[in-house]
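To start, the structure itself, in structure tokens.
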Amino acid sequence: MKLVTIVTEGLLKDQITELLKQQGVRGFTITRADGEGSRGINASHWEGPNLKIETIVTDAVGRRVMDLISEKYFDHYAVVAWLTDVEVLRGEKFSPVPDEDTK
Amino acid sequence: MELLIQNLVSPVVLAFLLGIIARMVRSDLEIPSAIYQGLSIYLLLAIGLKGGVALSQTPPAELVGPVLLTLALGVLTPFSAFILLRKLGKLGRIDAAATAAHYGSVSAVTFVAAIEAVKHSDIPAAGYLPALVAVLEVPGIIVGLLLARQSQSGGIKSALHEVLTGKSIFLMLGGLIIGTVCGAEKVSTIAPFFIDPFKGVLFLFLLELGIVAASRFRDLAQAGWRLVLTGCLLPTLHGTIATTAATYIGMSTGSAAVFGAMVASASYIAAPAAVRIALPKASPGIYLTMALGVTFPFNLAIGIPLFLKLAQLTS
Amino acid sequence: MELLIQNLVSPVVLAFLLGIIARMVRSDLEIPSAIYQGLSIYLLLAIGLKGGVALSQTPPAELVGPVLLTLALGVLTPFSAFILLRKLGKLGRIDAAATAAHYGSVSAVTFVAAIEAVKHSDIPAAGYLPALVAVLEVPGIIVGLLLARQSQSGGIKSALHEVLTGKSIFLMLGGLIIGTVCGAEKVSTIAPFFIDPFKGVLFLFLLELGIVAASRFRDLAQAGWRLVLTGCLLPTLHGTIATTAATYIGMSTGSAAVFGAMVASASYIAAPAAVRIALPKASPGIYLTMALGVTFPFNLAIGIPLFLKLAQLTS
Amino acid sequence: MKLVTIVTEGLLKDQITELLKQQGVRGFTITRADGEGSRGINASHWEGPNLKIETIVTDAVGRRVMDLISEKYFDHYAVVAWLTDVEVLRGEKFSPVPDEDTK
Amino acid sequence: MELLIQNLVSPVVLAFLLGIIARMVRSDLEIPSAIYQGLSIYLLLAIGLKGGVALSQTPPAELVGPVLLTLALGVLTPFSAFILLRKLGKLGRIDAAATAAHYGSVSAVTFVAAIEAVKHSDIPAAGYLPALVAVLEVPGIIVGLLLARQSQSGGIKSALHEVLTGKSIFLMLGGLIIGTVCGAEKVSTIAPFFIDPFKGVLFLFLLELGIVAASRFRDLAQAGWRLVLTGCLLPTLHGTIATTAATYIGMSTGSAAVFGAMVASASYIAAPAAVRIALPKASPGIYLTMALGVTFPFNLAIGIPLFLKLAQLTS
Amino acid sequence: MKLVTIVTEGLLKDQITELLKQQGVRGFTITRADGEGSRGINASHWEGPNLKIETIVTDAVGRRVMDLISEKYFDHYAVVAWLTDVEVLRGEKFSPVPDEDTK
């Protein structure tokens, strides 16, 4: 299994969780975070700080999510993402939602 | 001059200054973001509620003129801003359009600071003004986005949704409607929370805003003198037009001054969120720095007393 | 009818509605959880303090009747709830017991809304009522858990610890005792914080509660009309019994109405925590949706004015 | 060394940290988090959001903790857990508390 | 004795007790850290603002004596603390110096509790006292650090920066200056937020402080009776000297009592941060437990009424 | 690529982010956290809770940062750190800032 970690400016919360769901992701965990990066600026203080979105997924979904995020957001938004190998028990829980996966 | 100093030596202006100093001396002072968001929610609701009560006491006919003027300026100011930002500021089309959206919209905190400054000068400002803030908030952003002429498909639509359902407008409008529906008597039950401590909450809010604005200052050098100059000229221009026009259509001295400050202000809450979504290529380092790092302090220190003086002269 | 509308057009009810709308239009408005928890702490302490001061001024003899009635209803209502939830709601034993625990306990916010509604109608409610809220909070939960008849070993014990040391009861009781010990004069020193702005804080709290309740609405369809109906019948039944009994033992009109609303209400703070620990198999989707998504708005909109009318008729 | 990450509804904080200590865990870090999962509901808003508990442990302790958590909580509570390989310096700090470990 | 009980049965003292109990019964009550930080910011600003207004009304000449006395005690008390901590407390050099820095500085909350206690007794305390708190906060920490005589290179410098730009001093000084510059009239516009609800906010703050202090109690056993005893003797000694000296230089009864409590108190905000940076080898388990777990409750319960009595006797 | 995770008492925020920047780190993400460890005490409640600092770096930078943190902070401060293998897209973003790296 893979853990996908996405750090994003808060504004994109809905867009990114939507994207995850479309890829069949079954669950995710979100933490508030601050950060510094190449852009060196938090575009909207009022929207709250960065968010860190973590989701456990199968390898295939993990790669697809990484590609999509990179393609759609890396150029113009304060978004960073990485992939980690993890071990889980009862892995079925993290397999993609079937009807979404076959899309 | 005395008016200027009188305006500067007020708790809220000094709170803003204190925030700037905190940043400069690298103090570890920070308002936790949950508190900051709580303060914003409070301020927006309170502005709305107060305005709503006033609306419930204002004959609709009296509103027609001011509302039309607000709409007109909401459409015009993004154009003037766009042109100046292109010509004087030397910005590219997208950055100029993004920034113009900010100058077309309005900063609720500048509005409130103007209200307080005017109150201090004992020149009554009409109670319905917060309703105009709500009216002014949206059109400028839309015009600004249209000026970019190349938002991604769906960009404008989702930006519009962002503006209209964004907490900024939502809370102010919500408060406005509740205030109108409930009227003065019922709202008085929540006045010890929403009305009396208002200025103190504003004090805290400006402390944080000072910290944030100061963290924009280091971008000023990078932005260059052209943008700083434009960030001072735009509010002067817009405020002068608005104050004069307001006096012309018969608004009271105090109202005209506050109205001038409103139109002169640049949004740093609703606009950045919408622009970020519709025009991701525009640089927040430019529009945020201009709105919050240049124009907000300019208005707080110079703009407001200027428009007040102007309103007194023209009426 | 006019009473109903009069009740609905109040700042706190409209704040709840605003929260619901925020969710419906998918606004990004949210009260940061730290602020929400701060508001809860404030409200519970304030209710306790106010009640404590009143207690310090009430002769103990006057309390015997109301306290006994409260205990009796705290034991009875989980049974009636359990039966209706099984028969009409078609719930399984565990879910029915879990939900019954909620209906046997009390919602502090419903209580406060009732106090405010009654205050508005100028019918005095006794100051000792918050003490009854504290009394009512616990027994219903215990009876509910016992009805499940199969909590894991230690489950009830740790659930009891959860209820008694849970912040909800702890703060209200703490405030109650401090208020009683200190008395009116000393508590007046903290009144500008805990008493005067109370209703305004409640406004903010209900805004958030509206958002949360609305997020339960989508579960309503799934819950089915049977549960929605039960969630309306139960408060009507419990409230009618409680109001009538209260009038019977001589409580004033205002007190009887508030007492009715208390008993009619379903806990969504203390009970969920305890039930979650003692009955993990019960579905929060059912009991939370009923308590917060159905019964709370029902009481806010219909229950409270109903019990007020009833109290006026029976006394 | 292993990093055990447990995402749990807030209510279980005491129970889970207790369980960790019984397994000889020497330290842990807790972050507040929000989340969506199969249950799609946060059982008690008032109790605060989810918690993310992270602890660095030896491989053996890591597996034991995963098993216990899975056994006790996966069925009825909003709990998710995963295991990651990590590298630390001065590893003695993360070895289980001796008298607990031999239990 | 009656004075003692009178002092103990006050909302703020009972709030502290409630916090301790919450911890003891293992309640899940906790003030979210964002709220706690918000409350601290509020209290420090409010103390400063109130003090600033008073300063603006005090002839500078009147301040010379009290300021000099404050400086003298700020330099002396770390020495006496160091000696007692070494001899009676049997601490090593570094831990003794670190702890001495805390006793040389001041606890703003103890100061405020003393102000409230004195207010209750209707003996006026001078308005300029908060300025003395600011004066007292720094020198003791520096002397304490110097006593350790082996801070890492740069340690003292960055500790000094930490103290001077730390939010504690920064906010109080900021408030003080804004209050002085604006004067009573302008500050009155923010009084409904910063002045009236002050004691209620203090109530909440002490609730949290009780929880934190109680979590230090388990370290008390480890600390041993020697340290507990020292933690009670030091404030008695320092407070007695300060109260007497204050009466001697002509401060009013109320002022002398509050001044005594100030000097008697041990910092648990500014000092720990600075000490942690300059003396990382010193154990927070010792200095925090003594300042917050022993001396703060001692002053709240016994010290303040004692110094008040003493001030009454000596003047 | 490596993910360096540092859990530290809040007081050290500036010192540690400074250290990271000196090592050429280009960005990091900070989350507020609570924790228990060997010290069992949070040195300054008022300074806020612990912080969790995460940064994606090249292997070389990761090791250097771990060494430095361990050396400077492990003995006297409440600091814990670990290293995880991660995968990223467009890795150039995480390479050390050149002029800093060659120092």
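First chain written, first letter: the chains are A, B, C, D, E and F, and each begins at residue 1.
One rule holds for everything that comes next: a residue touches a chain if its C-beta (ideal position, glycine included) is under 8 Å from a C-beta of that chain, and two chains touch if they have at least 3 such contacts.
Owing to the predicted nature of the structure, the values given are computational and were not obtained by experimental measurement.
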- Message: If you average the CA coordinates per chain, which chain's centre is most distant from that of chain A?
- Response: E
- Does E-F or C-E have more contacting C-beta pairs? C-E
- Message: Quick check for you: after a Cα superposition of chain B on chain E, what is the rotation angle, between 0 and 180°, in steps of 5?
- Response: 120
- Over half of interface residue numbers shared between chain A and chain F means same, under half means different, so which is it? different
- Item | Distance-maximising chain from chain D - centres being C-alpha averages | B
- Item | Cα-centroid distance, chain D relative to chain F, in whole angstrom | 22
- Item | Centroid spacing, where centroids are CA-atom means, of chain B and chain F in whole angstrom | 39
- Centroid distance [mean C-alpha coordinates] between chain B and chain A, Å: 34
- Please list all residues of chain B that touch 2 or more other chains. 28, 32-35, 37-38, 197
- Enumerate the residues of chain A that touch no fewer than two other chains. 31-32, 47, 84-85
- Note on the structure: The answer for chain A against chain B in the complex is residues 9, 11, 32, 39-41, 43-49, 76-77
- Query: Tell me, which parts of chain D touch chain F in their complex?
  - Reply: 1, 3, 17, 26-32, 56, 84-90, 93
- Note on the structure: Residue set of chain C touching chain E in the complex reads 32-35, 37-38, 41-42, 45, 161-162, 164-167, 170-171, 174, 178, 181-182, 186-187, 189-194, 197
- So, in the complex, the side of chain B touching chain A is made of residues 33, 36-37, 40, 168, 212, 219, 268-269, 272-273, 276-277, 280-281, 284-285, 288
- Message: Taking the touch rule as given, give the residues of chain B at its contact with chain E in the complex, in rising order.
- Response: 9-11, 14-15, 18, 21-22, 25-35, 38, 116, 196-201, 203-204
